[in-house]
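Listed next: structures, encoded as structure tokens.
Both complexes below contain chain A, partnered by chain B and then by chain C.
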Partner chain A sequence: MDKYLEMIRIRFLMMLAYRTNYYTGILIYSINIGAYYFLWSAIYGGKEQIQGLSIAQMTTYVAISWMARAFYFNNLDREMAVEIMDGRVAVELIRPYNYLVMKMMQALGEGIFRLFLFSVPGLVIVYFIFPIHLTWDIAVWGLFAISILLSFFINTQINLLTGITTFFLFNNSGLIRAKRVIIDLFSGLILPISFFPVWAQNVMNYLPFQGISYIPSMIFTKGFTAQHAVYAIGQQFIWILILIVPIQLLWNLAKKQMVIQGG
Partner chain B sequence: MFYVTMLFQYMSQYMKTRLQYRTDILVEFFSDLLSQSVNLIFILVVFGHTDLLGGWTRDEIIFIYGFFLVPYAVFSAFFNIWDFNDRYIVKGELDRILTRPIHSLFQIILERLELEGLLGAITGIAVMIYAGSRMGLTLSWYDPFLFIIFVIGGALVYGGIFIILACISFWADARTSIMPMMYNISNYGRYPINIYNKIIRFVLTWILPFAFVGVYPASYFLGRHELLFYSLITPLIGVVFFTLSILLWNQGVKRYRGAGN
Partner chain C sequence: MSNAIEVKNLRKEFKVYSSRKGLKGAFRDLFTRNEKIIPAVNDINFMVKQGEMVGYIGENGAGKSTTIKMLTGILTPTSGHIVVNGMNPHKDREKFVQTIGVVFGQRSQLWWDIAVQESFRLLKKVYKVSDEQYDNHMNHVIKTLDIEPLLDKPVRKLSLGQRMRCELAAALIHNPPLLFLDEPTIGLDVLVKLKIREFLKEINEKYQTTILLTTHDLSDIEALCERVIMLDEGKVIYDGALHHLKETWGEGKEVHFQFLETVDLQSVKAATAGLPVKWEHDEKEQVFIAYIEDQDELISQLIAQIVAAYKIKDLNIHETSTEEIIRNIYEKGEVRLG
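Now for the complex of A and B:
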């Protein structure tokens, strides 16, 4: 366990060395939040509410879902693809740790770094520019914290799965790009799930993606009742358990028929 | 004339290398198509809850988005200079470029062609035909010519802005993340300009004129004559920004001193 904690720490320190890259990142996210803020204002027009969300809640939703993205987002799939393609993964596999757990811990170190040096200052800046309502209800913050941690795990598991496919496809850059686009749409980042037509919502209920962005953002904007929030967190938790299965299966299969490229 | 033959030489070489890996092109095309359809799905879903967006109908917004894709496709095929600083300044590759017999900027454009980007134009035109036929838009004989002129104008606006940004590396050595930032700002041009506040509208028209890539020229075909003036100056803005960028580039190249050894 100690070695994995150490992984988190090292990755955190590594990111700290390159922190200037992150100031422009905050600006980029603010630009995106701004674009959606103006769009949503025009969409609401004079309407009080759409699908149970007021314009103030919608603005908060947009802001929090982008800032949360800074925490759960990582390029694990791309990193894995590179390591697999240039053969470095062979060395990783003989080291005394579980490769997948180690990758996840590195991503967590990165996420924690971005949470404190990106999301928190970013949220403060965005709070002063756009009409955002932050709640002072401790319970909401608590549920949000749990939910966002779970969304990190779901997103990272999907990244691991995508990364492992490199073993079988050899070049999966197209798949990685497609996955990113699908997650942006189906996780509720650019559009709350409740806005989709009912049939699409029903389909998405059976997919893990809404656990990445929609659930934590809805909890934060109080779009969910407390009861619904607890239920949704349970749903996220179940998805984490379910996703372990394909990862283990593919991973075992990959190790058996591995071809080291180059090296 | 020499420049034109060079362009075709490079293009045919490029085709040869790319056609070696046909599946790659296909995969790339589909993932591009996927990201374009996400934007369309956004528009479709949103209009399930409202009839007008800032006074524009669903089909008009879709048409603007379709138009935007065409100049963007031309831009992404020819102006691949987002990593100019890393590739040419930091690594000193510009030394090699300067020994070539054609203009340095043109040489870089030739080396960095990505012609498969042009496939996005097909998607864009298809989207425009879909939205246009739903609205019953009619075309005059000169509209296709204006369309081509507007597309070139929009691509020149895009190209000009990104060349100006690339020129920053001649003066400032530091790595900047301005390029990705600008990609995000350029998305503002895909939607009607009147939904933004005054400052952003001014910036998108005169300072970073991304509105001339999407909403202004597209509104000409939609018969929105309140924006007619802006529609018609699209090629002018394109030429002005592109000329500015080349002048700045020429100044910048004079300052270039290589990157050690």
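Now for the complex of A and C:
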């Protein structure tokens, strides 16, 4: 376990080495939140509520979704693709650790870095510009914390799965891009799931994506009742367990027919 | 003494798709591809004892790296039997890699953006090395390789020679009984090469570390290894002592003469008539080269006769270099030695 914790620390250090990237990142996220805020203000017009969400809740939803994204989002799939394509994965395989767990820990290090040096200051900035209602209910914060941690795992597992496909496809940049769009759309980042048509909502109930963004954001904006929140967290947890299966299967298959590229 | 490496009938095949010519061919490739199975490693057998230093040589594409990757558990063999350090490398991978160290000359295993000592610290945790062990062992390694001043620099700022020394130290953090070096001196200058060789000799003596070394630089092998395994097209074509290779395949000696007076080839030949000598005249260097069998008697006789006939400016005796021997072997493509 020690080695995995150490990896989180190392990744944190690496991110610090390139911290200037993140100042621009905060700006970009703030602009995104602003754009969605104005868009939603126009859509709401004078209406009190749409689909059970008030305009204030909607603004908070948008802000919190983007800030949570900074935590759960990572480029693990792309990193793995590069490592596999130029053969660096060979070095990873001569180390006494589980490559996939180690990758996940690196992502966690990155996520923690972003949470403290990006999401928190970003949220403070956004709080002063837009009418956001932050709750002071400890229970909500607690459920939210559990929920975004789980959404980190779901998102990272999907990234691992995409990354492993590089072993079979050799060049999967198209798949990586498609995956990113699907997650942004189906996770409820761009549009809350409750705004989708009912048949689409039904389909999405059977997909893991809403566990990435929709559930934590709804918990935070109190769009869910406490009971519903606990149920949703349970759902996230089950998805994490289910996703382990295809990852292990593909990984075992990949190891068997691995070709190390480039000498 | 036990064997560090045992390899029996090891084989690795790769599927290769060849593409057809032209646009029409490209369309046909969409549906059916020409598939060929190429054995990169073709039924090889060898054993390495604990504490041995073995040179593993061969041309590019002979299958050296593929073998190393199977021995380190990265690749799964198509068929055959491998036991390294008493374990099957790809079965109990995590336990197995704890007992080996690997240096890939063309690939860094340090983390690019962080200081060398941070990489060391992480590896120390990864290999579960205790502080005490680390201090005992690594302080010495760091001193011998002279990398103390590099420890707080990020890897990307190191020169190739500096980086290689750090890589070597990183591979030894857990003091493994077996070390794989895949072209460790590629692109390094003479001083760094010498330092690395000395260091390898030292750890081999001190800890009985087994070392399997692949390289294109035969001077590495000459300096370090008593035994070589030579590979060609996936097959072992020679496995035995380096000096034996030289004795059997070294084609005599060359004696280079430079004369004070003008001499022509004819008269030199006449002066040594009766001796089994082949003469050559290098016009550019103004050197006469005598090729002669490697017998002390013959050589001194040759020199005596020449000195008696002409005034000499310079005289050199050359042995056929290992490099030439190996080039000969590959050109002839047939070796049936020990």
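Definition applied: the second predicted complex is superposed on the first by the 262 of 263 C-alpha atoms of A that agree within 3 Å, B and C clash if a C-alpha of one lies under 4 Å from a C-alpha of the other, contacts with A are read in each partner's own complex, and residues count from 1 in each chain.
We take it that a residue touches a chain if its C-beta (ideal position, glycine included) is under 8 Å from a C-beta of that chain, and two chains touch if they have at least 3 such contacts.
Everything numeric here is computed off the predicted structure, so don't read it as measured data.
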{"item": "Partner chain(s) touched by A:195 [first = chain B, second = chain C, both, neither]", "value": "first"}
{"item": "Chain A residues touched by each partner, larger count belonging to chain B or chain C", "value": "B"}
{"item": "Touching partner for A:7 - first (chain B), second (chain C), both, neither", "value": "second"}
{"item": "Contacts of A:25 with chain B and chain C, given as first, second, both or neither", "value": "first"}
{"item": "Touched partner set for A:94, first chain B, second chain C, both or neither", "value": "second"}
{"item": "A:181 touches, of chain B and chain C: first, second, both or neither?", "value": "first"}
{"item": "Chain B versus chain C as contact partner of A:56, first or second or both or neither", "value": "neither"}
{"item": "First (chain B), second (chain C), both or neither touched by A:35", "value": "first"}
{"item": "Partner chain(s) touched by A:43 [first = chain B, second = chain C, both, neither]", "value": "first"}
{"item": "Residues on chain A engaged by chain B in the complex (per definition of touch)", "value": "21, 24-25, 27-28, 31-32, 34-35, 38-39, 41-45, 47, 50-51, 171, 173-174, 177-178, 181-182, 184-185, 190-191, 195-197"}
{"item": "Chain A residues touching chain C - in the complex, by the definition given at the top", "value": "2-3, 6-7, 10, 13-14, 17-18, 87-88, 90-91, 93-98, 255-256, 258-260, 263"}
{"item": "Contacting residues of chain B [partner chain A, same complex]", "value": "24, 27-28, 30-31, 34-35, 38, 41-42, 45-46, 48-50, 52-54, 176-178, 180-181, 184-185, 187-188, 191-192, 195-197, 200"}
{"item": "Chain A partner contacts - residues on chain C that touch it in the complex", "value": "14, 65, 69, 72-76, 90, 93-95, 97-98, 100, 102, 104, 106-109, 111, 113-114, 118, 121-122, 125-128, 154"}
